[in-house]
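The structures considered in this document are given below.
Two complexes, one shared chain (chain A), two partners (chain B, chain C).
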Partner chain A sequence: MQIAEEKHGPVAVLAVEGRIDTTHAGELETALLALIDRGETTIVLDFAEVNYISSAGLRVLLVGAKKMKAAQGSICLASLQKTVKDVLAVTGFMNLFRLFKSKESAVQELTTAS
Partner chain B sequence: MPALDVELKNDLCEITRLLNLVEQFAKDTGLPDDALNAVMLSLDEAVTNTINYGFPGGGIHCIRLTLRREPDSITSIIEDDGIPFNPLEAPEADLTSPIEDRPIGGLGIHFIRNYMDELYYRREDGKNIFTLVKKIS
Partner chain C sequence: MTRRVFAAHLDELAGLRQFVGEMARQAGLSPEADYRLRLAVDEIATNIITHGYEEAGRSGDLVVSAEVDPSELRIVLEDSGIPFDPRSRAVPSRDQLERPLEERAIGGLGLYMVMEGVDRFDYEYAGERNRNILVMRR
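On to the complex of A and B.
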(Lines of atoms letter the chains of each structure in order from A and count residues from 1; the text may use other names and numbers.)
(Lines give C-alpha, C1' and ligand atoms only; values in the text may rest on other atoms or scores of the structure.)
Protein backbone atom coordinates (compact mmCIF):
# COMPACT_ATOMS: atom_id res chain seq x y z
CA MET A 1 0.00 0.00 0.00
CA GLN A 2 1.16 3.54 -0.75
CA ILE A 3 -0.06 6.76 0.81
CA ALA A 4 0.66 10.21 -0.59
CA GLU A 5 -0.25 13.46 1.12
CA GLU A 6 -1.44 16.67 -0.54
CA LYS A 7 -2.60 20.00 0.78
CA HIS A 8 -5.03 22.23 -1.14
CA GLY A 9 -5.74 25.36 0.89
CA PRO A 10 -7.65 24.22 3.98
CA VAL A 11 -8.11 20.69 2.62
CA ALA A 12 -5.68 17.87 3.39
CA VAL A 13 -5.77 14.89 1.05
CA LEU A 14 -4.44 11.38 1.58
CA ALA A 15 -4.26 9.52 -1.72
CA VAL A 16 -4.17 5.80 -0.98
CA GLU A 17 -3.08 3.14 -3.44
CA GLY A 18 -3.50 -0.62 -3.02
CA ARG A 19 -5.41 -2.92 -0.71
CA ILE A 20 -6.42 -1.75 2.75
CA ASP A 21 -6.19 -5.17 4.34
CA THR A 22 -5.44 -6.30 7.88
CA THR A 23 -1.70 -6.21 7.25
CA HIS A 24 -1.68 -2.62 5.96
CA ALA A 25 -4.55 -0.88 7.76
CA GLY A 26 -2.12 0.30 10.45
CA GLU A 27 -0.18 2.41 7.91
CA LEU A 28 -3.36 4.29 7.01
CA GLU A 29 -4.17 4.76 10.69
CA THR A 30 -0.74 6.27 11.36
CA ALA A 31 -1.04 8.68 8.41
CA LEU A 32 -4.62 9.69 9.21
CA LEU A 33 -4.06 10.24 12.93
CA ALA A 34 -0.92 12.27 12.18
CA LEU A 35 -3.03 14.69 10.11
CA ILE A 36 -5.67 14.96 12.82
CA ASP A 37 -3.06 15.48 15.54
CA ARG A 38 -1.51 18.23 13.43
CA GLY A 39 -4.83 20.07 13.54
CA GLU A 40 -6.23 19.38 10.06
CA THR A 41 -10.04 19.59 10.21
CA THR A 42 -10.96 18.85 6.60
CA ILE A 43 -9.48 15.60 5.34
CA VAL A 44 -10.26 13.88 2.06
CA LEU A 45 -9.30 10.24 1.58
CA ASP A 46 -8.82 9.67 -2.13
CA PHE A 47 -9.62 5.99 -2.77
CA ALA A 48 -9.40 6.08 -6.58
CA GLU A 49 -6.65 3.43 -6.47
CA VAL A 50 -8.15 1.33 -3.68
CA ASN A 51 -10.04 -1.80 -4.74
CA TYR A 52 -10.23 -3.56 -1.40
CA ILE A 53 -11.00 -2.61 2.19
CA SER A 54 -11.48 -5.06 5.06
CA SER A 55 -12.99 -4.43 8.48
CA ALA A 56 -9.49 -3.49 9.68
CA GLY A 57 -9.66 -0.60 7.20
CA LEU A 58 -13.18 0.34 8.30
CA ARG A 59 -11.94 0.35 11.88
CA VAL A 60 -9.36 2.98 10.91
CA LEU A 61 -12.05 5.10 9.22
CA LEU A 62 -14.21 4.87 12.33
CA VAL A 63 -11.35 5.71 14.72
CA GLY A 64 -10.51 8.71 12.52
CA ALA A 65 -14.15 9.81 12.26
CA LYS A 66 -14.61 9.67 16.04
CA LYS A 67 -11.49 11.79 16.60
CA MET A 68 -12.54 14.26 13.93
CA LYS A 69 -16.04 14.54 15.34
CA ALA A 70 -14.50 15.48 18.69
CA ALA A 71 -12.33 18.08 16.89
CA GLN A 72 -15.40 19.35 14.98
CA GLY A 73 -13.81 18.46 11.68
CA SER A 74 -14.76 15.97 9.01
CA ILE A 75 -13.35 13.15 6.93
CA CYS A 76 -14.64 12.80 3.38
CA LEU A 77 -14.17 9.92 0.96
CA ALA A 78 -13.56 10.43 -2.75
CA SER A 79 -13.58 8.21 -5.86
CA LEU A 80 -14.89 5.00 -4.34
CA GLN A 81 -14.63 1.90 -6.52
CA LYS A 82 -17.61 -0.45 -6.65
CA THR A 83 -16.14 -3.13 -4.36
CA VAL A 84 -15.28 -0.55 -1.70
CA LYS A 85 -18.68 1.11 -2.05
CA ASP A 86 -20.35 -2.28 -1.52
CA VAL A 87 -18.39 -2.84 1.70
CA LEU A 88 -19.35 0.60 3.02
CA ALA A 89 -22.98 -0.04 2.09
CA VAL A 90 -23.32 -3.40 3.86
CA THR A 91 -21.80 -2.01 7.04
CA GLY A 92 -23.87 1.17 7.17
CA PHE A 93 -20.70 3.28 6.72
CA MET A 94 -22.09 5.24 3.76
CA ASN A 95 -24.06 7.41 6.18
CA LEU A 96 -21.05 8.21 8.35
CA PHE A 97 -18.98 9.96 5.68
CA ARG A 98 -19.54 12.61 3.06
CA LEU A 99 -18.80 11.11 -0.34
CA PHE A 100 -17.43 12.80 -3.45
CA LYS A 101 -17.15 11.56 -7.03
CA SER A 102 -13.54 12.68 -7.29
CA LYS A 103 -10.76 14.27 -5.31
CA GLU A 104 -11.02 17.37 -7.50
CA SER A 105 -14.73 17.89 -6.81
CA ALA A 106 -14.13 17.33 -3.08
CA VAL A 107 -11.31 19.88 -2.95
CA GLN A 108 -13.28 22.41 -4.98
CA GLU A 109 -16.42 22.15 -2.87
CA LEU A 110 -14.65 22.02 0.49
CA THR A 111 -12.39 24.96 -0.39
CA THR A 112 -15.36 27.10 -1.40
CA ALA A 113 -17.29 26.12 1.73
CA SER A 114 -14.63 27.21 4.19
CA MET B 1 -11.48 -29.66 -9.87
CA PRO B 2 -8.95 -26.81 -9.30
CA ALA B 3 -7.81 -26.47 -5.70
CA LEU B 4 -5.38 -24.44 -3.63
CA ASP B 5 -3.83 -25.64 -0.40
CA VAL B 6 -1.92 -23.12 1.75
CA GLU B 7 -0.35 -23.16 5.19
CA LEU B 8 -0.28 -19.82 6.99
CA LYS B 9 1.52 -18.85 10.18
CA ASN B 10 -0.33 -17.04 12.97
CA ASP B 11 1.16 -13.68 11.99
CA LEU B 12 -0.93 -10.79 10.59
CA CYS B 13 1.69 -10.23 7.88
CA GLU B 14 0.39 -13.45 6.35
CA ILE B 15 -2.90 -11.80 5.37
CA THR B 16 -1.36 -9.99 2.41
CA ARG B 17 0.22 -13.25 1.21
CA LEU B 18 -3.14 -14.99 1.65
CA LEU B 19 -4.93 -12.34 -0.43
CA ASN B 20 -2.28 -12.51 -3.17
CA LEU B 21 -2.68 -16.29 -3.38
CA VAL B 22 -6.48 -16.07 -3.50
CA GLU B 23 -6.28 -13.41 -6.20
CA GLN B 24 -3.97 -15.57 -8.31
CA PHE B 25 -6.22 -18.62 -7.81
CA ALA B 26 -9.22 -16.54 -8.91
CA LYS B 27 -7.36 -15.47 -12.04
CA ASP B 28 -6.35 -19.05 -12.84
CA THR B 29 -9.90 -20.34 -12.41
CA GLY B 30 -11.82 -17.43 -13.97
CA LEU B 31 -13.62 -16.37 -10.81
CA PRO B 32 -15.83 -13.27 -11.30
CA ASP B 33 -14.65 -10.09 -9.52
CA ASP B 34 -17.56 -9.82 -7.09
CA ALA B 35 -17.08 -13.43 -5.95
CA LEU B 36 -13.33 -12.81 -5.60
CA ASN B 37 -13.94 -9.75 -3.42
CA ALA B 38 -16.39 -11.72 -1.27
CA VAL B 39 -13.90 -14.56 -0.77
CA MET B 40 -10.97 -12.22 -0.06
CA LEU B 41 -12.94 -10.23 2.50
CA SER B 42 -14.32 -13.29 4.26
CA LEU B 43 -10.95 -15.06 4.47
CA ASP B 44 -9.20 -11.86 5.59
CA GLU B 45 -11.73 -11.51 8.41
CA ALA B 46 -11.83 -15.15 9.46
CA VAL B 47 -8.06 -15.69 9.45
CA THR B 48 -7.38 -12.32 11.13
CA ASN B 49 -9.78 -13.31 13.86
CA THR B 50 -8.07 -16.66 14.35
CA ILE B 51 -4.63 -15.02 14.50
CA ASN B 52 -5.77 -12.32 16.95
CA TYR B 53 -7.84 -14.45 19.33
CA GLY B 54 -7.21 -18.12 18.61
CA PHE B 55 -3.89 -18.55 20.38
CA PRO B 56 -3.92 -16.84 23.78
CA GLY B 57 -0.97 -19.02 24.83
CA GLY B 58 1.17 -17.60 22.01
CA GLY B 59 3.68 -19.67 20.07
CA ILE B 60 3.87 -20.46 16.38
CA HIS B 61 0.80 -22.15 14.91
CA CYS B 62 -0.23 -23.24 11.46
CA ILE B 63 -3.54 -22.25 9.87
CA ARG B 64 -4.44 -24.37 6.90
CA LEU B 65 -6.54 -22.99 4.08
CA THR B 66 -8.02 -25.00 1.25
CA LEU B 67 -9.87 -23.45 -1.69
CA ARG B 68 -11.91 -25.55 -4.10
CA ARG B 69 -13.37 -24.12 -7.27
CA GLU B 70 -16.48 -25.93 -8.46
CA PRO B 71 -18.50 -24.98 -11.57
CA ASP B 72 -21.11 -22.98 -9.63
CA SER B 73 -19.34 -22.20 -6.36
CA ILE B 74 -16.06 -21.66 -4.51
CA THR B 75 -15.52 -23.35 -1.15
CA SER B 76 -12.95 -22.24 1.43
CA ILE B 77 -12.00 -24.40 4.41
CA ILE B 78 -9.99 -22.92 7.30
CA GLU B 79 -8.47 -25.30 9.85
CA ASP B 80 -6.64 -24.20 12.98
CA ASP B 81 -5.64 -25.70 16.32
CA GLY B 82 -6.65 -22.58 18.28
CA ILE B 83 -9.10 -22.40 21.15
CA PRO B 84 -12.65 -23.49 20.24
CA PHE B 85 -14.46 -20.70 18.44
CA ASN B 86 -17.73 -21.02 16.57
CA PRO B 87 -18.07 -17.99 14.25
CA LEU B 88 -21.72 -18.88 13.62
CA GLU B 89 -22.50 -17.96 17.24
CA ALA B 90 -20.90 -14.51 17.13
CA PRO B 91 -23.32 -11.63 17.88
CA GLU B 92 -24.59 -9.28 15.16
CA ALA B 93 -22.67 -6.03 14.59
CA ASP B 94 -24.15 -2.58 15.30
CA LEU B 95 -24.66 -0.96 11.89
CA THR B 96 -26.90 1.97 12.71
CA SER B 97 -25.51 4.04 15.62
CA PRO B 98 -24.02 7.50 14.90
CA ILE B 99 -20.24 7.93 14.79
CA GLU B 100 -19.80 8.76 18.46
CA ASP B 101 -21.68 5.64 19.63
CA ARG B 102 -20.64 3.19 16.93
CA PRO B 103 -18.59 0.37 18.48
CA ILE B 104 -15.19 -0.32 16.91
CA GLY B 105 -15.10 -3.94 15.88
CA GLY B 106 -17.53 -6.78 15.33
CA LEU B 107 -17.76 -6.08 11.61
CA GLY B 108 -15.70 -9.06 10.46
CA ILE B 109 -18.33 -11.71 11.10
CA HIS B 110 -20.92 -9.41 9.57
CA PHE B 111 -18.92 -9.38 6.33
CA ILE B 112 -18.70 -13.14 6.33
CA ARG B 113 -22.44 -13.60 6.90
CA ASN B 114 -23.26 -11.00 4.29
CA TYR B 115 -20.88 -12.09 1.55
CA MET B 116 -21.05 -15.89 1.87
CA ASP B 117 -23.98 -18.15 0.97
CA GLU B 118 -23.33 -21.12 3.28
CA LEU B 119 -21.27 -21.43 6.48
CA TYR B 120 -20.39 -24.59 8.42
CA TYR B 121 -18.43 -24.97 11.66
CA ARG B 122 -17.24 -28.06 13.43
CA ARG B 123 -14.70 -28.87 16.14
CA GLU B 124 -12.79 -32.04 15.36
CA ASP B 125 -9.64 -33.57 16.88
CA GLY B 126 -8.81 -30.34 18.71
CA LYS B 127 -9.26 -28.23 15.57
CA ASN B 128 -11.68 -25.56 14.43
CA ILE B 129 -12.89 -26.32 10.91
CA PHE B 130 -14.75 -23.43 9.30
CA THR B 131 -16.18 -23.92 5.82
CA LEU B 132 -17.39 -21.00 3.70
CA VAL B 133 -19.25 -21.43 0.41
CA LYS B 134 -19.79 -18.68 -2.15
CA LYS B 135 -22.19 -19.46 -5.01
CA ILE B 136 -21.31 -18.09 -8.41
CA SER B 137 -24.27 -16.89 -10.40
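On to the complex of A and C.
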Protein backbone atom coordinates (compact mmCIF):
# COMPACT_ATOMS: atom_id res chain seq x y z
CA MET A 1 0.00 0.00 0.00
CA GLN A 2 1.14 3.52 -0.75
CA ILE A 3 -0.18 6.62 0.95
CA ALA A 4 0.70 10.10 -0.27
CA GLU A 5 -0.14 13.18 1.72
CA GLU A 6 -1.06 16.50 0.13
CA LYS A 7 -2.22 19.80 1.53
CA HIS A 8 -4.43 22.16 -0.45
CA GLY A 9 -5.20 25.22 1.64
CA PRO A 10 -7.35 24.03 4.56
CA VAL A 11 -7.82 20.58 3.04
CA ALA A 12 -5.55 17.65 3.85
CA VAL A 13 -5.61 14.81 1.34
CA LEU A 14 -4.44 11.23 1.73
CA ALA A 15 -4.15 9.56 -1.65
CA VAL A 16 -4.27 5.84 -1.02
CA GLU A 17 -3.12 3.20 -3.47
CA GLY A 18 -3.71 -0.51 -3.01
CA ARG A 19 -5.83 -2.82 -0.91
CA ILE A 20 -7.22 -1.78 2.46
CA ASP A 21 -7.29 -5.19 4.12
CA THR A 22 -6.13 -6.73 7.39
CA THR A 23 -2.50 -6.56 6.32
CA HIS A 24 -2.57 -2.90 5.30
CA ALA A 25 -5.33 -1.20 7.29
CA GLY A 26 -2.85 -0.31 10.04
CA GLU A 27 -0.85 1.89 7.67
CA LEU A 28 -3.93 3.90 6.79
CA GLU A 29 -4.92 4.16 10.44
CA THR A 30 -1.48 5.53 11.38
CA ALA A 31 -1.54 8.12 8.58
CA LEU A 32 -5.12 9.18 9.28
CA LEU A 33 -4.74 9.48 13.05
CA ALA A 34 -1.52 11.48 12.56
CA LEU A 35 -3.47 14.07 10.54
CA ILE A 36 -6.23 14.22 13.13
CA ASP A 37 -3.74 14.56 15.99
CA ARG A 38 -2.03 17.36 14.08
CA GLY A 39 -5.31 19.27 14.13
CA GLU A 40 -6.48 18.84 10.53
CA THR A 41 -10.25 19.24 10.45
CA THR A 42 -10.98 18.66 6.76
CA ILE A 43 -9.54 15.42 5.46
CA VAL A 44 -10.17 13.91 2.05
CA LEU A 45 -9.33 10.28 1.43
CA ASP A 46 -8.68 9.86 -2.27
CA PHE A 47 -9.59 6.24 -3.08
CA ALA A 48 -9.12 6.44 -6.86
CA GLU A 49 -6.49 3.70 -6.66
CA VAL A 50 -8.23 1.56 -4.03
CA ASN A 51 -9.96 -1.46 -5.49
CA TYR A 52 -10.56 -3.45 -2.33
CA ILE A 53 -11.68 -2.74 1.22
CA SER A 54 -12.44 -5.33 3.90
CA SER A 55 -13.90 -4.93 7.39
CA ALA A 56 -10.41 -4.03 8.66
CA GLY A 57 -10.53 -0.97 6.40
CA LEU A 58 -14.09 -0.10 7.44
CA ARG A 59 -12.94 -0.21 11.04
CA VAL A 60 -10.26 2.41 10.32
CA LEU A 61 -12.78 4.65 8.55
CA LEU A 62 -15.18 4.40 11.47
CA VAL A 63 -12.51 5.02 14.12
CA GLY A 64 -11.26 8.01 12.14
CA ALA A 65 -14.74 9.42 11.55
CA LYS A 66 -15.65 9.15 15.24
CA LYS A 67 -12.44 10.89 16.24
CA MET A 68 -12.97 13.62 13.66
CA LYS A 69 -16.54 14.17 14.78
CA ALA A 70 -15.29 14.66 18.34
CA ALA A 71 -12.80 17.22 16.97
CA GLN A 72 -15.64 18.87 14.99
CA GLY A 73 -14.01 18.02 11.70
CA SER A 74 -14.97 15.72 8.91
CA ILE A 75 -13.58 13.02 6.66
CA CYS A 76 -14.65 12.98 3.02
CA LEU A 77 -14.17 10.20 0.50
CA ALA A 78 -13.30 10.87 -3.13
CA SER A 79 -13.21 8.79 -6.33
CA LEU A 80 -14.74 5.59 -5.01
CA GLN A 81 -14.49 2.60 -7.34
CA LYS A 82 -17.69 0.61 -7.78
CA THR A 83 -16.53 -2.39 -5.73
CA VAL A 84 -15.60 -0.18 -2.80
CA LYS A 85 -18.82 1.79 -3.14
CA ASP A 86 -20.83 -1.45 -2.98
CA VAL A 87 -19.12 -2.42 0.28
CA LEU A 88 -19.81 1.00 1.79
CA ALA A 89 -23.44 0.83 0.66
CA VAL A 90 -24.17 -2.60 2.12
CA THR A 91 -22.67 -1.62 5.49
CA GLY A 92 -24.48 1.71 5.73
CA PHE A 93 -21.25 3.71 5.44
CA MET A 94 -22.43 5.94 2.60
CA ASN A 95 -24.37 8.09 5.06
CA LEU A 96 -21.41 8.54 7.37
CA PHE A 97 -19.15 10.32 4.90
CA ARG A 98 -19.46 13.13 2.42
CA LEU A 99 -18.63 11.75 -1.01
CA PHE A 100 -17.00 13.48 -3.96
CA LYS A 101 -16.52 12.36 -7.55
CA SER A 102 -12.88 13.34 -7.54
CA LYS A 103 -10.16 14.70 -5.33
CA GLU A 104 -10.16 17.91 -7.38
CA SER A 105 -13.87 18.55 -6.88
CA ALA A 106 -13.55 17.78 -3.16
CA VAL A 107 -10.67 20.21 -2.73
CA GLN A 108 -12.40 22.91 -4.75
CA GLU A 109 -15.69 22.66 -2.90
CA LEU A 110 -14.17 22.32 0.56
CA THR A 111 -11.80 25.21 -0.01
CA THR A 112 -14.61 27.51 -1.12
CA ALA A 113 -16.75 26.46 1.85
CA SER A 114 -14.22 27.29 4.53
CA MET B 1 -12.46 -30.55 -7.07
CA THR B 2 -9.39 -28.35 -6.68
CA ARG B 3 -7.62 -28.25 -3.35
CA ARG B 4 -4.89 -25.97 -1.92
CA VAL B 5 -3.18 -25.92 1.45
CA PHE B 6 -2.10 -22.60 2.97
CA ALA B 7 -0.15 -21.98 6.17
CA ALA B 8 -2.28 -20.12 8.73
CA HIS B 9 -0.52 -16.76 8.33
CA LEU B 10 -1.95 -13.44 7.21
CA ASP B 11 0.66 -13.17 4.46
CA GLU B 12 -0.86 -16.27 2.85
CA LEU B 13 -4.13 -14.40 2.26
CA ALA B 14 -2.94 -12.94 -1.05
CA GLY B 15 -2.42 -16.41 -2.50
CA LEU B 16 -5.75 -17.56 -1.11
CA ARG B 17 -7.59 -14.64 -2.70
CA GLN B 18 -5.87 -15.30 -6.00
CA PHE B 19 -6.94 -18.95 -5.89
CA VAL B 20 -10.54 -18.03 -5.13
CA GLY B 21 -10.49 -15.43 -7.90
CA GLU B 22 -9.31 -18.06 -10.40
CA MET B 23 -12.11 -20.39 -9.33
CA ALA B 24 -14.66 -17.58 -9.61
CA ARG B 25 -13.51 -16.89 -13.17
CA GLN B 26 -13.67 -20.60 -14.04
CA ALA B 27 -17.22 -20.68 -12.70
CA GLY B 28 -18.07 -17.56 -14.72
CA LEU B 29 -19.20 -15.46 -11.76
CA SER B 30 -19.96 -11.80 -12.44
CA PRO B 31 -17.28 -9.32 -11.29
CA GLU B 32 -19.60 -8.29 -8.42
CA ALA B 33 -20.16 -11.87 -7.26
CA ASP B 34 -16.43 -12.58 -7.60
CA TYR B 35 -15.67 -9.57 -5.39
CA ARG B 36 -18.25 -10.54 -2.77
CA LEU B 37 -16.91 -14.09 -2.64
CA ARG B 38 -13.26 -13.02 -2.34
CA LEU B 39 -14.23 -10.56 0.38
CA ALA B 40 -16.19 -13.25 2.26
CA VAL B 41 -13.32 -15.76 2.03
CA ASP B 42 -10.89 -13.03 3.14
CA GLU B 43 -13.01 -12.18 6.19
CA ILE B 44 -13.52 -15.83 7.23
CA ALA B 45 -9.86 -16.73 6.66
CA THR B 46 -8.69 -13.65 8.58
CA ASN B 47 -10.86 -14.68 11.55
CA ILE B 48 -9.54 -18.24 11.42
CA ILE B 49 -5.90 -17.13 11.30
CA THR B 50 -6.12 -14.42 13.98
CA HIS B 51 -8.75 -15.79 16.40
CA GLY B 52 -8.75 -19.51 15.60
CA TYR B 53 -4.99 -19.97 15.53
CA GLU B 54 -2.78 -17.02 16.57
CA GLU B 55 -4.69 -15.67 19.59
CA ALA B 56 -5.33 -19.24 20.76
CA GLY B 57 -1.58 -19.99 20.57
CA ARG B 58 -2.16 -22.63 17.93
CA SER B 59 -0.55 -23.17 14.58
CA GLY B 60 -1.77 -25.14 11.63
CA ASP B 61 -3.03 -24.82 8.13
CA LEU B 62 -5.97 -23.71 6.11
CA VAL B 63 -7.16 -26.22 3.55
CA VAL B 64 -9.22 -24.68 0.80
CA SER B 65 -11.17 -26.65 -1.73
CA ALA B 66 -13.27 -25.44 -4.63
CA GLU B 67 -15.92 -27.35 -6.49
CA VAL B 68 -17.76 -26.11 -9.54
CA ASP B 69 -20.96 -27.87 -10.55
CA PRO B 70 -23.52 -26.78 -13.13
CA SER B 71 -25.43 -24.63 -10.67
CA GLU B 72 -22.89 -23.34 -8.13
CA LEU B 73 -19.35 -22.69 -6.97
CA ARG B 74 -18.65 -24.10 -3.54
CA ILE B 75 -15.61 -23.02 -1.51
CA VAL B 76 -14.78 -24.93 1.67
CA LEU B 77 -12.27 -23.59 4.21
CA GLU B 78 -11.09 -26.21 6.67
CA ASP B 79 -8.94 -25.55 9.76
CA SER B 80 -7.96 -27.05 13.08
CA GLY B 81 -8.10 -23.81 15.09
CA ILE B 82 -10.47 -23.37 18.02
CA PRO B 83 -14.07 -24.25 17.12
CA PHE B 84 -16.00 -21.22 15.92
CA ASP B 85 -19.33 -21.09 14.16
CA PRO B 86 -19.58 -17.67 12.45
CA ARG B 87 -23.37 -18.04 12.44
CA SER B 88 -23.33 -17.92 16.26
CA ARG B 89 -22.12 -14.32 16.25
CA ALA B 90 -24.82 -11.66 16.10
CA VAL B 91 -24.44 -9.53 12.99
CA PRO B 92 -25.61 -5.90 12.97
CA SER B 93 -29.24 -5.36 12.03
CA ARG B 94 -30.27 -3.08 9.17
CA ASP B 95 -31.45 -0.63 11.80
CA GLN B 96 -28.05 -0.60 13.51
CA LEU B 97 -26.36 0.03 10.16
CA GLU B 98 -28.47 3.11 9.58
CA ARG B 99 -27.70 4.76 12.89
CA PRO B 100 -25.69 7.99 13.04
CA LEU B 101 -21.95 7.95 13.50
CA GLU B 102 -21.98 8.36 17.30
CA GLU B 103 -24.07 5.20 17.70
CA ARG B 104 -22.29 3.03 15.18
CA ALA B 105 -20.57 -0.04 16.64
CA ILE B 106 -17.11 -0.86 15.34
CA GLY B 107 -17.32 -4.66 15.27
CA GLY B 108 -19.37 -7.26 13.44
CA LEU B 109 -19.09 -5.82 9.93
CA GLY B 110 -16.86 -8.57 8.54
CA LEU B 111 -19.28 -11.39 9.26
CA TYR B 112 -22.17 -9.20 8.16
CA MET B 113 -20.53 -8.81 4.74
CA VAL B 114 -19.90 -12.57 4.58
CA MET B 115 -23.55 -13.40 5.25
CA GLU B 116 -24.79 -10.67 2.89
CA GLY B 117 -22.28 -11.46 0.19
CA VAL B 118 -22.60 -15.20 -0.41
CA ASP B 119 -25.66 -17.02 -1.65
CA ARG B 120 -25.38 -19.67 1.05
CA PHE B 121 -23.20 -20.10 4.12
CA ASP B 122 -22.78 -23.29 6.11
CA TYR B 123 -20.60 -24.39 8.98
CA GLU B 124 -19.74 -27.82 10.33
CA TYR B 125 -17.41 -29.05 13.07
CA ALA B 126 -16.28 -32.63 12.66
CA GLY B 127 -13.13 -34.57 13.46
CA GLU B 128 -11.82 -31.55 15.41
CA ARG B 129 -11.89 -29.43 12.28
CA ASN B 130 -13.93 -26.35 11.40
CA ARG B 131 -15.50 -26.36 7.96
CA ASN B 132 -16.74 -23.03 6.62
CA ILE B 133 -18.71 -23.49 3.42
CA LEU B 134 -19.38 -20.59 1.04
CA VAL B 135 -21.61 -21.09 -1.96
CA MET B 136 -22.23 -18.81 -4.94
CA ARG B 137 -24.82 -19.53 -7.60
CA ARG B 138 -23.49 -19.50 -11.16
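In this text, the second predicted complex is superposed on the first by the 114 of 114 C-alpha atoms of A that agree within 3 Å, B and C clash if a C-alpha of one lies under 4 Å from a C-alpha of the other, contacts with A are read in each partner's own complex, and residues count from 1 in each chain.
By definition in this document, contacts are C-beta pairs under 8 Å (C-beta built on N, C-alpha and C of every residue); 3 or more make two chains touch, one makes a residue touch a chain.
Every value quoted in this text rests on a predicted model; they were computed, and no experiment measured them.
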Fit-or-clash call for chain B and chain C when the two complexes are aligned on chain A: clash
Chain B versus chain C as contact partner of A:A65, first or second or both or neither: both
Partner chain in contact with A:A48 - chain B first, chain C second, else both or neither: neither
Partner chain in contact with A:H24 - chain B first, chain C second, else both or neither: first
Contacts of A:M94 with chain B and chain C, given as first, second, both or neither: neither
Intersection of the chain A residues that touch chain B with those that touch chain C: 21-23, 52, 54-56, 58-59, 62-63, 65-66, 69, 83, 86-87, 90-92, 96
Residues of chain A that touch chain C when the two form their complex: 21-23, 52, 54-56, 58-59, 62-63, 65-66, 69, 83, 86-87, 90-92, 95-96
In the complex, chain B residues that touch chain A: 12-16, 19, 33-34, 37, 40-41, 44-45, 48, 93, 95-96, 98-100, 102, 104-105, 107-108, 110-111, 114-115
Touching residues on chain C, where the partner in the complex is chain A: 10-11, 13, 31-32, 35, 39, 42-43, 46, 50, 94, 97-99, 101-102, 104, 106-107, 109-110, 112-113, 116-117
Partner chain B, residues of chain A touching it in the complex: 19, 21-24, 52, 54-56, 58-59, 62-63, 65-66, 69, 83, 86-87, 90-92, 96
